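First chain A sits with chain B, and in the next complex the same chain sits with chain C.
Up next is the complex of A and B:
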């Protein structure tokens, strides 16, 4: 209709034209590549699948099996351990580094490059560096420990230290990311609060615990959400360096799901594992969004 | 703020920062140095920091393996998925910003939260049934699942900053909608498009899981090929570090170009895992 209108005042109506249709191509793509596969995976998790055979409806059998599966609980324990350990390390180190950068006004030039590089590197490069540097016999890490008079470690090859080693690798990679988020949050805080506290005679430690950290809490929760989503479904660096080993010592839930799906082709059971892991991630994000409301100011 | 008072505090701060920078840079420097070390010195301890640099590791890498082809595959997949992601995201982000639609952005966040393995299972079945497993197209389509949300989240604030009068006056002048978008909006948000393209390319280039399962022998990406080098128990660390250096270069160089605008975009749309 509007096309038939003559140019002039009437065509002003087109100023309220709708551009909503421009979302359609992205939505169609997302429907085919994200929504449909998601529903398919849910459907698969309710079926027993055999290689070459037709999937058979099995109700919640896969989930019952999962609850009774010791490997699942091993994976759950390792996932939680890796998540909490890495998150704690990165939030503490990231806050420290972020405030340090703020004091020195140093997040520029070459220092900024050094900060950004670790988390922009491909995980496979991180894994390759870890393998060469942390090699128990020929790696430079054990040589450095020996120079300090300390005994050598097996790092990724020892079931006792593999999760801690992965957590430290991830902390090396992502602490600068947390620090830059903290820095951004800190720079947006109102200056006068700090000045007032100083005039009132608050010591530097008091200012940190009573003012800076509470004001930064929403920023820290945001950083925690971003890191948690990655940590709970941690896959690449573990699979690249240990494939879940030694034994099952680093078989987190995502590694377990991958192996069941793509090494043993148990599609139904693997799908149940993946859906469960997704629920854990969503649950964590929801919990954090509640927390964010609680610490908002 | 614990330290930071007076001159001593400042020196203490600077010393801490120096230690951190060394810790962050040292492993990367070690990788690059190892790539240029002669074969018999790569694993030498104590480490030799002064040596005659050589290209023999790179020569061996490209002569003995298909790493050149792998790198080309990575370029095709990352370039293709970046382009596809931008073509889909550009009009979508414009419409979302213009009409203040927030639900599609939220929906892409949900897609970012699910583990990649969850999508990979149905994808493998889908692509197997249409014979696309091992094709560049399958890799481009799956990597676009990574690039699309990144591009949308990076572009949204740029479109939000676009004055509404500019678009409205283009309409009054009789521009068709797609012309408004391409001739009026595009030049004004071009910096955002550059950032979105670079971030998309880097995320796609770095991504490991999808190509691990869906690439074929002739479409293997440099990332997956490097992983296979590890699996083959390559004892030649020089060549291994040469491969690592080659695949680390594009992300490092591209990141350098946009580092100032990077952090906000990352916080909004980083995709990994």
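Up next is the complex of A and C:
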């Protein structure tokens, strides 16, 4: 019987080289499915491309047009508003729900399964449900309000409330996702810190604000990154429920780009909008990465 | 009473006449499979049920994809931009997108196939389609589509509610707001009016108001002309009806919500597609208590200028089996098939079907069917398929006009300000 000796530098280099080859298929796949389409979108954004015409190199014209376009700035404002509103709602509600679940002993599996259901539903189903429930004339939401003696609301049909309504629909769907991340993070925290705090006489509010939330911060940032990427590219439910209306009140950048590309066939301009949105998403992820390092423990 | 089975048998008989069988080989493309990309429409739903008959007659199998209109257009654009041969036949609205699709080279010119005796049945008779329909489907000499229906918005009103409130049937356009106010005064619990409010869908319902008031979307020299007094009055009347008498949330409504409201008896009037007739009269009671006619003319202008459009079937320029696709087109638009489609509320674009005994027998079964058929004859005779300012970029132009109407409903601008502000935006599209 021979003893295995630690590998030397040469064999480590050989092993490392073979690992690189094993990663190659994934890299090729990523290049083919992510990098190439993105480069194509960038190329397209530098061209004026109308349906039926040959692409004409336009330099930065599409980006100049974008900066001067009121609809772009309206879309940018709405995209940011929807992102911040939904993210705040989901982080607060998700954290509360996750911590509540951590204390729950009975039927934990059943409740977790039930919580997964909303985000398993396809967006088109969510959108259609929202139309049926929230239609001011035909929907059940106003019927329920009337039964309670309250006045009806316009929900998705009012320019003043449409973004809030969309944010609430997304919050209903994705809060359980945040809650499950928080639950996982909370259960992995060291118990002795909580026991020590309890022995030292810390109250439940102090334990929450001084221990639980700071220790959960990296988990919350991870949840925020995942939800942010999703929220910034939020499209389907808005398109199904309002198509960007009433007026332009829910025409986020995604809706605007879709309409420019697929309804008005301005592919170059739509690509410029999407490249800009990608830059925003990338910037957001970078900012959260820095934040995550800052809150790491 | 002619039931569905009798109807189908008569139609099948027409297709299987001995002369036709002897002179034309319907099975020349036997064994092929054609893919159809269709918009969700009563015609498409009926075709899904009838496709097996096509396979039985020709040996050609079909793969049918039906999407709601927005998804249908997105998928079509994606496939055609990629020059994909995946789609052989697609639905198209030449009045909306014809110029752009033709410039993109998406249509196969059907004229050579129509003229080819090997490919086209001798009784096909292209001239049987109404002249207006053929004109809409022909783009600078290229026959882009074969018409599969004709449709346009019609005025529907609840005769029983009008009678109960002692309100006469509107004879002029200006009578509609008056009737709306009297209906509200008569029964505050009864919904009065609904129509399309969704930005991109507004023009379809609104243009009759503009034209009948004597307005136009263009000036005499072909420039965008929304900022003309009669045009402003027409748009304002449509917007005010929605604002003052429409249902809550009307700006997100398209035909689906309007039909539901009318069918459920929640509203007393609307201006909605003739195409939805079959869906409306499926609701209990509506076949008896509704009236339907062309939107009344303007009292001052004396003008009645309704809309009439028709969906068509096109053969994709990228299809690798154009002849099999053409077999489907001529079968689906044949006299026999169109006669059967009337049962599904699809108004036939063929004169021989419209004037034929089967259609007349069906229409005479109920007064509302007769009224619907007469309204279709009238819009076919007097209607127009152009309902935006002059441009090839039709969807964008309609979107801008719809947005102006929405601004009035939202109270963000006066009718004049909202409408006149749209003209410069429309001018950019020319």
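FYI, the second predicted complex is superposed on the first by the 260 of 297 C-alpha atoms of A that agree within 3 Å, B and C clash if a C-alpha of one lies under 4 Å from a C-alpha of the other, contacts with A are read in each partner's own complex, and residues count from 1 in each chain.
Methods note: a residue touches a chain if its C-beta (ideal position, glycine included) is under 8 Å from a C-beta of that chain, and two chains touch if they have at least 3 such contacts.
These numbers were taken from a predicted model, which means no experiment stands behind them.
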Touched partner set for A:176, first chain B, second chain C, both or neither: first
Touching partner for A:136 - first (chain B), second (chain C), both, neither: second
First (chain B), second (chain C), both or neither touched by A:62: neither
Touch count on chain A, higher of chain B and chain C: B
Touching partner for A:165 - first (chain B), second (chain C), both, neither: neither
Touching partner for A:262 - first (chain B), second (chain C), both, neither: both
Which superposed partner A:204 touches (first chain B, second chain C, both, neither): first
First, second, both or neither for A:156, with chain B first and chain C second: second
Touched partner set for A:234, first chain B, second chain C, both or neither: first
Chain B/chain C common contact set on chain A: 138, 239, 258, 262, 267
Chain A residues within the chain B interface of the complex: 7, 11-12, 14-15, 17-23, 25-27, 29-30, 33-34, 36-38, 40-41, 44, 97, 99-101, 103-104, 106, 111-125, 127-129, 131-133, 138, 140, 143, 172, 176-177, 180-181, 184, 204-205, 207-208, 212, 222, 226, 229-230, 233-236, 239-240, 254, 257-258, 261-262, 267, 270-271, 274-275, 277-278, 281-282, 285
For the chain A and chain C complex, residues of the former touching the latter: 51-53, 135-138, 142, 152, 154-157, 159, 239, 241-248, 258-259, 262-265, 267
List of chain C residues in touch with chain A within their complex: 70, 73-74, 77, 81, 100-105, 191, 197-200, 247-252, 257, 260-261, 264, 266, 393, 395-396, 399, 403, 406-407, 410, 412
Residue numbers on chain B that touch chain A, as the complex places them: 1-5, 10, 13-14, 16-17, 20-21, 23-25, 27-28, 30-31, 34, 43, 45-47, 87-89, 91-92, 94-96, 98-99, 101, 104, 107-108, 110-126, 141-142, 144-145, 148, 152, 168, 171-172, 174, 177, 181, 202, 205-206, 208-209, 213, 223, 226-227, 230, 237, 240-241, 243-244, 247-248, 251-252, 255-256, 259, 262-264, 266-267, 270, 272-273
